[in-house]
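Note that chain A is present in both complexes that follow, paired respectively with chain B and with chain C.
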Partner chain A sequence: MTTRRVGAALVLLAAAAAFAAPALAPHALDQRFVALLNAPPTVPRLVDDRGAWHLPFIHPWRLVNQLEQTYEQDRSTRVRLVWFANRRLVSSSDEARAPLLLLGSDSLGRDVFSRLVYGARTSLGLAAVASLGAILLGGTLGATAGYAGGIVDDLLMRASDFVLVLPAMYVALGLRSALPLVLDAWTVFAFLAAIFAVIGTPYVARGVRAIVRTEARLDYASAAAALGAGHARVLVRHLLPAARGFLVVEATTLVPAFIVAEATLSYVGLGFPDGVSSWGTMLHEASSIRAFTDFPWLLSPAAAMFVVVLGLNLAFQHRPPLSQA
Partner chain B sequence: MLAFLARRLCFAAFLVFAVSSGALVLARLAPGDFATADLGVRAQSAEAGRLRSRYGLDRPLGAQYAEWLSRAARFDFGESMLYGRPVRDLIPERAANTAVLALAALAVATLIGLPLGVITGSGRGGLPAAIIRAGSVALLSAPPLLTSLFLVFLAARTRLLPVGGMGGSTGAAGGALADFVRHLIVPAAALALPLAAMFERLQSQAMSETIAQRFVLAALARGIPWPRVLWRGAFKAALRPVASVYGIVVGTLLSGSFAVEIITSWPGLGRLMLDALRYRDVYLVAGCAAAGAVFLAIGTLMSDVALALVDPRTQE
Partner chain C sequence: MALVEVSHLVKRFRRGGGLLRRPSTITAVDDVSFAIDEGETFGLVGESGCGKTTTGRCILRLVEPTSGAVRFRGEDVLAYSPKRMRAARRQMQIVFQDPYGSLNPRMTARQIVEEPLIIHRMGARAARRERVAGLFGLVGLDPAHLERHPHQFSGGQRQRIGLARALALNPSFLVLDEPVSALDVSVQAQVVNLLMDLQRQLTLTYLFIAHDLRLVEHVCSRVAVMYLGRIVEVGPTGAIFAAPRHPYTRALLSAVPIPDPDARRARIVLDPAAVSREASLKEIAAGHWAEV
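Here is the complex of A and B:
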């Protein structure tokens, strides 16, 4: 039970961070520190070199080598952190000289931590919207197939079996590249959500169909029909509630798959455009061996993804994922 | 059995046909074509017109599709515009690389996952079992995208294993095969780890259910030592869940290998497909899709046959 609580806490934490991004991020999304390209994280400290205690502070970075982008801490200067200034939770008292870079900066000098929490909005939001779409679409189709039976059932289930065989990632890739390659952020969001929802639909539809089929044979369903309830009412009010538990579990397996799918598509350059901050575009910008070896903090979106997926798995455990997209 | 096999073969043939046709039509319907992708702003020029007529891009979709289909029936899949070579020559090498990667990952995952699942499922594992269980729950949350990023990071940081640049003249000791194997380790491990975790969990669950059954108790009562009961009797009886999952694993492997191939620069089908899609190289897209569909068809066919052998009820 404790592992479930830990998992739920991780998921809630990520959701809260995404929700509170503007207050949590020390910097604006596109703010650049041109003197601090690929700078390492500034770690908040309480004790200085002589062992004296202070309020939380950071040491500024001093550029050592312009070409190799190596930095060293200026340990003689302390820059205090200020709380609740400019409607931000925490920031540095001397933004120009020593900005607070909790996870370092990227190759354009942007704060990785700020982009990470804003990116959580894009990535988690997309996954949530897409799962909701898949649940609605899959629920409708599955319920129709299960309730109607006959040829409708046959056709829908054959089609969904066929889609289930295909590797989900390639279906997403194919559908995405059938659209114009360059689009604005909101259009990409809508298209990706639609594509993911379609891919997730068969998984949901199959389960809902099975549940509705069994439930429809039970006495309470015929009782409801005998009392004059129409088909729609029997289906929506009486049969579908039986699928609630299944739908919740299904959503928790779809969300991780969609987070990873967005990251993969953006990584290969077919997801969000470069200006948008999502976990995938951040990884895309870090996609060089140089970044892997010298600037590992650029991989923090991968760590964030792992934490969210782990949280979901712990909270709703003991089912192997249907598709590891 | 024969009727069942014939039915499944028909499905496999339909799969290959539908997937490659679908890919061709989808790539053709997409806005832009190879001329615009390759020439950019000069796409309106006479050069673009020549390109289009050479590859049949200026003809209506129906005519283009009909011709592609009639040629594909004779195993001529057209010419790749991006590489200027017949698709038939481009695909086999890349497909072989993907197949090697997927099979290596599957073998490693099976060899690691199943024994570990027996240990954790036996209920007598103690601390090691708890550690293995925690490890595989963590790995289940790390899809191939994340494991390959992490392993590439490790490999680049420690410089123990090469990433990318296979076949380059880096003076690698041991010749081409050793070079191939050394480059295979990172992508195969990235693909295998999440799969091994899934196998471990499935086998563990099946083991603990099997061990609770009476035949295990009976075997113990007859004096058969515990390890023998565990690894011979119970292990075999608990194999069915993993065996039935092998069917969906083919799709999972192909999906996962896409991310792995891109990140670790493994020259497989995924990379080729991505380039083909980006450049609107319609014949290459269709060829890659056909090759992937053949993999899928073989995989589902094999798992169907295996399941039918294990459990005759699946033949209906």
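Here is the complex of A and C:
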């Protein structure tokens, strides 16, 4: 029970961060600090070196080696944090000299934390939309196949088997590479969502079909028909509600899969274009050995993905058998 | 005039069959004819798989018959358009055998009993609620339990909910498909008595499908005995129980348990060779027909 709460809390936290991105991010997506390329995180502090307490402050970074991109903290300078300025939750009082970089900056000098929370919108939004699409499409097709039976069932299920046996990532790669390399962000979003939905559909359809098929044989479905209910009513009012629990569980497995899929596609350069922030594009830009050795903060999108996927798994694990009600 | 008239009803099911294998057909109902008079309880008995349930479902077109005719008040039900059929369903309803599978577990008792009223757009919300509570009382349930789900009721209570649902549209004809065979014996009597009371109260006509012959003897005015998809004997209950003519009927009646441990009665074992598939129904006494 507690782990489920923890999981739900993690997911809600990520969703809230995505929702509140403009207020939460100290900087705009594309704001660059050219003097601070690959700078480490500026950690907010309360106590200075002499042990005196202050309101939250940060130390600015001072460039040590331009070539190696190493920095050291200027511990003699304290830069106060300001709250609720410029409609942002928190930012530095001296943005030009000492910007607040909670998760450091990337190779172009952009704030990783700001990009992370904006990226959550893209990545989580895409996963949610694609899952919803897969649930709707798979639910409709599965219910139709299970209820109609016969040749309709055969056709739909063989088509779904076909999609199922194709390695999903290759399908996504193939379809994406058939389109122009450079597309605007919204087109990419819609396109990726459509591909993911199609890939997820067979999993949903198979389960829904099995449930609808089993339930349709029960007398309560006959009873509804005997009362004069049409096919649509029998299906929507009686049979599909039986699949509700399955659909919830299915959605929670699809969302993490789609988050990872977006990251994978973006990582190989077939995801979102530059300028759009998503967890996948951020990881793509961080794909150098130095990210692991010297700039680990660039891998924070991977950590964020881990947290969200873990949260979803925790929140929906050990579901007790669905009660009759 | 008969309320329900079934003539030469045939239902074949296709089974199996694939890319290379031809499907086989099973004849579940094989040229069945009978007529049910208004207000009577017509029994349909036979062993499992003999086609009694399929016959009942064909009459309501829950299963589409392969051939034959079903007439309700003289009109051919099988020729009805879907719209006309939907309207006709207000007149004929069914109560199922399984009190567990016949109620949607995700709906409350109120939603279950109210659904027919919604489907046929009968009354506003308040009127419907009143009617549902009335039906609940009619079948002997406590209207305070309307918001419960089926699993919170006992088998007998569930069967009463199914009955309330069937009665919601004020039908004149009910197919009772083994309505009490899934219930405890003590509960069976209560539900059977309720069915008989309601029949008098609401002038209902019943097609009573059963395999419990003592029950049939108690409830039905006329009985048809089905064997392998055919009616082998039909007549007034008294006549059939007193003087069964068909070998299958005799075997069936000899299998009725006698609640007396000292009683000994020779059980007749049916010799399938003794049953002629060519024979046709002949009237052997007034209203008593048998395949001999």
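In the analysis below, the second predicted complex is superposed on the first by the 317 of 325 C-alpha atoms of A that agree within 3 Å, B and C clash if a C-alpha of one lies under 4 Å from a C-alpha of the other, contacts with A are read in each partner's own complex, and residues count from 1 in each chain.
As a convention for this text, a contact is a pair of C-beta atoms (placed from the backbone, for glycine too) under 8 Å apart; a residue touches a chain by one contact, two chains touch by 3 or more.
Given the structure is predicted, the values throughout are model-derived calculations rather than measurements.
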item: Simultaneous placement of chain C and chain B on chain A, clash or fit; value: fit
item: Touching partner for A:Ala223 - first (chain B), second (chain C), both, neither; value: second
item: Partner chain in contact with A:Leu181 - chain B first, chain C second, else both or neither; value: first
item: Partner contacting more residues of chain A (chain B vs chain C); value: B
item: Contacts of A:Leu314 with chain B and chain C, given as first, second, both or neither; value: first
item: Contacts of A:Ala263 with chain B and chain C, given as first, second, both or neither; value: first
item: Which superposed partner A:His238 touches (first chain B, second chain C, both, neither); value: second
item: Cα-centre angle that chain B and chain C span when viewed from chain A, reported as a multiple of 10 degrees; value: 80
item: First, second, both or neither for A:Leu283, with chain B first and chain C second; value: first
item: Which superposed partner A:Phe292 touches (first chain B, second chain C, both, neither); value: first
item: Which superposed partner A:Leu166 touches (first chain B, second chain C, both, neither); value: first
item: Minimum C-alpha separation between chain B and chain C after superposing on chain A, in Å; value: 12
item: Overlap of chain C and chain B interfaces on chain A (superposed complexes); value: 324-325
item: Contacting residues of chain C [partner chain A, same complex]; value: 57, 60, 62, 85-87, 89-90, 93-94, 96-98, 101-106, 115-116, 119-120, 149-151, 162, 165, 169
item: In the complex with chain B, residue positions of chain A that touch it; value: 162, 164-170, 173-175, 177-181, 256, 260, 263-264, 267-270, 283, 287, 289, 292-293, 296, 299, 302, 305-306, 309-310, 312-314, 317-318, 320-325
item: Complex interface listing, chain B residues touching chain A; value: 15, 18-19, 22-23, 26-27, 29-32, 137-138, 140-146, 149-150, 152-153, 156-157, 163-164, 194, 198, 201-202, 205, 245, 248, 251-252, 254-256, 258-259, 262-263, 273-274, 277-278, 289, 292, 296, 300
item: Complex interface listing, chain A residues touching chain C; value: 218-220, 222-230, 233, 237-238, 241-242, 324-325
